[in-house]
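Look for subunit A in each of the two complexes below; its partner is subunit B in the first and subunit C in the second.
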Partner chain A sequence: MAILECKALSKSYGLTKAVDSADIKIEAGRVVGLLGPNGSGKTTLIKLAAGLLSPTSGEVLIEGMAPGPETKAIVSYLSDRDYLPDWMNLNQLLDYFGDFYSDFNREKAIELSKRIGVVDNKPLKTLSKGTREKLQLVLVMSRDAKLFLLDEPIGGVDPATRDTIIDTIIKNYNPDAAVIISTHIITDIEKILDDVIFINEGKISLVESVDDIRAKHQKSVDAYFREVYKC
Partner chain B sequence: MEWQFDNERPIYSQLVDILKLKIVSGEYKPGERLPSVRDISSEAGVNPNTMQRAMQELENQNLVLTQRTAGRFVTEDKERVEMTREELAEGHIQSFVKLMEQLGYSKSRLIALLAAKIGEVKE
Partner chain C sequence: MLGKLIKHEMRATGRIMATVLLSVLAVTVVANLFWKIQMPSLKVLVVLYDTVKYLLLAASIIGVIGVGLFSIVVMVKRFYNSFLSNEAYLSLTLPVSVHQHIWSKIIVSMIWFFLTGVVIFLAGIISVLLSGKGISLSEIYFKIIEVFTLAVQQLRAENVSGFMITLFFIESAIMVLLSGIGLCLQAYVSMAIGQTSGSRKILSSVLSYLGISMVSQIVVTVVITLWGVPMLPIDGLQVSTMQAVQSIHSFLLTIIGVDVLLLVLYYLVTTTMLKKRLNLQ
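For the complex of A and B:
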């Protein structure tokens, strides 16, 4: 059974169709890039899969189930916003995540936090923006989830931080889980993707493997993306 | 040999080439156990499925072999490694000769140039 399946999935805000009859199927073990320009519907699609928005029409299924408490227990979602509580320290934050998610792996979170240089127990407000983004990813990747939804994990961070984030995603690869990464910065991330989904104005325009795109067009996905979305 | 990728070819086939070079150059020695796909993917910064596919291709070409429980090893067959060295060399020479033709070198002029230049290279 597919980890994520969208059937004619649509979400409208008034007259604007943020997601327009999307059909998507993502199997276990795949790392998929959701690529599109700003305002193309990436975040809306991810929020639908995370169960944070309900569809206007169509269906979204996680392991065959409509979003609800059962799917939220197996979906690990990284928001594109910073939601870390300033007043907590690392220990309190790990307790907090442990309380929320039964699949939260505290040992893993401690190990990954160490790798990004968060070890002491100073309040989180003392951390830099880049470190906070890395820490949010660490928390999300420390769950033994089936579906990881990462909304813009590498937006607005420096190249070294980007490398750490990419490495964290590779090191946590699990053949039983699927990872979806939304981004408009493709260069650095295409090496870690199996497949890409192009979305524009809410419509899915392409679903293909990275190496098939490279073989067919003799160019990187990044270059191909620039060509397709050239204004 | 660094894990660097160009923007024209599939990542999988570039991985195959880099891994072959690592074997031919002796960075991975005959009979040596290779790192796990997970570790080697993280070192290369690539998707583990893509790395797995590249390893599978090397296995099909008998350059590496899997021992069920012990992991993946470089072949001990030195002739096979030598053959790969020649294959890689041939590919590089072909594209070099083609480029030199585009630059307007005749075969005899190219050979003369090569002989002169190789003489300048210190051993």
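For the complex of A and C:
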């Protein structure tokens, strides 16, 4: 059974179709890049899978189930927003994740937090924007989830931080899980992808393995993406 | 999971609410003690003394009035943060149902409403105790008991049964409980509707609140006028106290019934909107 399946999935905001009849099937063990220009529908698609939005039509299934408490227990979601509550400190945040997610590995989270320089128990509001972003990723990757939904994990960070983030993803995801990474910055992330999905104006235009793209088009995914979406 | 949600909800609100409640009590004690201090003899000190004295009194009164309002603001803010702000990306991806989310918020809000009531009551007691009129805590306690006992004795003398008197207290307690839950749910349903409008969610929430308040007031007024008021004894009509008490019971039960129906409606709309029409753009 596919870990994530979208059947004729659509989401509209008023007259604008953010996702338009998407049909996707993602198997466990794959690292998938959800690639598209800004405003192409990547974030909406990920939010639908995370259960943060309700579809206008069609359905999204996680291990055969519609999004709900059961799917949220097996999905680890990284938002493109800073969602850390200012009133918490690191210990409270770890308690929070540990209380609600049975697959949360507290020791791993502490170790990864140390690596990004969050060692003491200061309130989260005192952390810099970059550190907060990395801390969110640490929490998400400290779970032994079946599906990781990472929305723009390397968007808006400097190249050094980008490397740290990619390194954290590669070293910490469960190999039996599926990872979906949405981004429009492809060069740095290409090396870790198995498959790619191209999305533009809400429509899925391509679902293919990275190896097939390279073999068929004799190009890197980044070069092929630029060719497809050049203005 | 409900217990865990309540635990973290208490953590989120505990520090600010505990600080505010304890501050109100502290200001009440200090203000009352200050009034008992001997007035200084130097003229310049008299001006200073009077200024501080009245400032403390004002702070104490504003504190007691404001703390109730503050607990409502905290209740609204927690719902907003959890479901309408960026924090929603954290809370709404937890493996818990919308019902558990809503109940955890209602329960924690009710705890703070109750403690706020206790603090306001204690502030009143402190003011009486430190008023300099020599009234002791035991005197206040016995006075309260005396008033209750007298009221009960008078009703008993008029052949009103103990069951009816107990029922009256239970109905009053239920009405207080429903008022607290209603305060929460009316705010929640307004925000749950308001969030569907995307970028103008705060304005939409406020407008929803005003609209819902107006409609619910009309419904309550119509129901009370049509069914509640006819149950009450008419002026000039000779009725026994027992009959009057029974009429008041029926009247209160009608109000409780309408309240429950409105709360169930608010709850169903809130949960449906968060489950089916969640719009975290």
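Definition applied: the second predicted complex is superposed on the first by the 230 of 231 C-alpha atoms of A that agree within 3 Å, B and C clash if a C-alpha of one lies under 4 Å from a C-alpha of the other, contacts with A are read in each partner's own complex, and residues count from 1 in each chain.
Definition applied: a residue touches a chain if its C-beta (ideal position, glycine included) is under 8 Å from a C-beta of that chain, and two chains touch if they have at least 3 such contacts.
Since the structure is predicted, the reported quantities are computational estimates derived from the model, not experimental observations.
S.K.: Overlaying on subunit A: subunit B and subunit C, fit or clash?
M.R.: fit
S.K.: Scan A:194 for contacts with subunit B and subunit C and give back first, second, both or neither.
M.R.: First partner only.
S.K.: Check the residue A:108 against both partner chains and state whether it touches subunit B (first), subunit C (second), both, or neither.
M.R.: After superposition on chain A, A:108 lies in contact with neither partner.
S.K.: Is A:167 contacted by the first partner subunit B, the second partner subunit C, both or neither?
M.R.: The first partner, subunit B, only.
S.K.: Going by the contact rule set out at the top, does A:17 touch subunit B (first), subunit C (second), both, or neither?
M.R.: The answer is neither, since A:17 touches no partner chain.
S.K.: Please work out whether A:47 is in contact with subunit B alone, subunit C alone, both, or neither, and reply first, second, both or neither.
M.R.: Touch partner of A:47: subunit C, not subunit B.
S.K.: Touching A:203 in the superposition: subunit B (first), subunit C (second), both, neither?
M.R.: neither
S.K.: Identify the partner contact of A:218: answer first if only subunit B is touched, second if only subunit C is, both if each is, neither if none is.
M.R.: Only subunit B; A:218 stays clear of subunit C.
S.K.: Taking the C-alpha centre of subunit A as the vertex, compute the angle to the C-alpha centres of subunit B and subunit C, in steps of 10 degrees.
M.R.: Given the fit on chain A C-alpha atoms, the answer is 160 degrees.
S.K.: Just checking: does A:184 make contact with subunit B only, subunit C only, both, or neither of them? Give me first, second, both or neither.
M.R.: neither
S.K.: After the two structures are laid over each other on chain A, how near do the C-alpha atoms of subunit B and subunit C get, in Å?
M.R.: 27 Å.
S.K.: Residue by residue on subunit A, keep only those touching subunit B in one complex and subunit C in the other, then list them.
M.R.: On subunit A, no residue contacts both subunit B in one structure and subunit C in the other.
S.K.: What residues on subunit C touch subunit A, complex-wise?
M.R.: Within the complex, subunit C contacts subunit A at residues 1, 4, 7-8, 11-12, 15, 81, 86-90, 92-97, 198, 275-281.
S.K.: Can you list the subunit B residues touching subunit A in their complex?
M.R.: Against subunit A, subunit B makes touches at 5, 7-13, 38, 41-42, 45-50.
S.K.: Which stretch or stretches of subunit A touch subunit B in the complex?
M.R.: So the residues of subunit A in touch with subunit B come to 29-31, 163, 166-167, 170-171, 173, 190-194, 210-212, 214-215, 218-220, 222-223.
S.K.: Can you name the residues of subunit A that touch subunit C in the complex?
M.R.: 13, 47, 50-54, 68-70, 72-73, 75, 77, 79, 81-85, 87, 92, 95-96, 99-101
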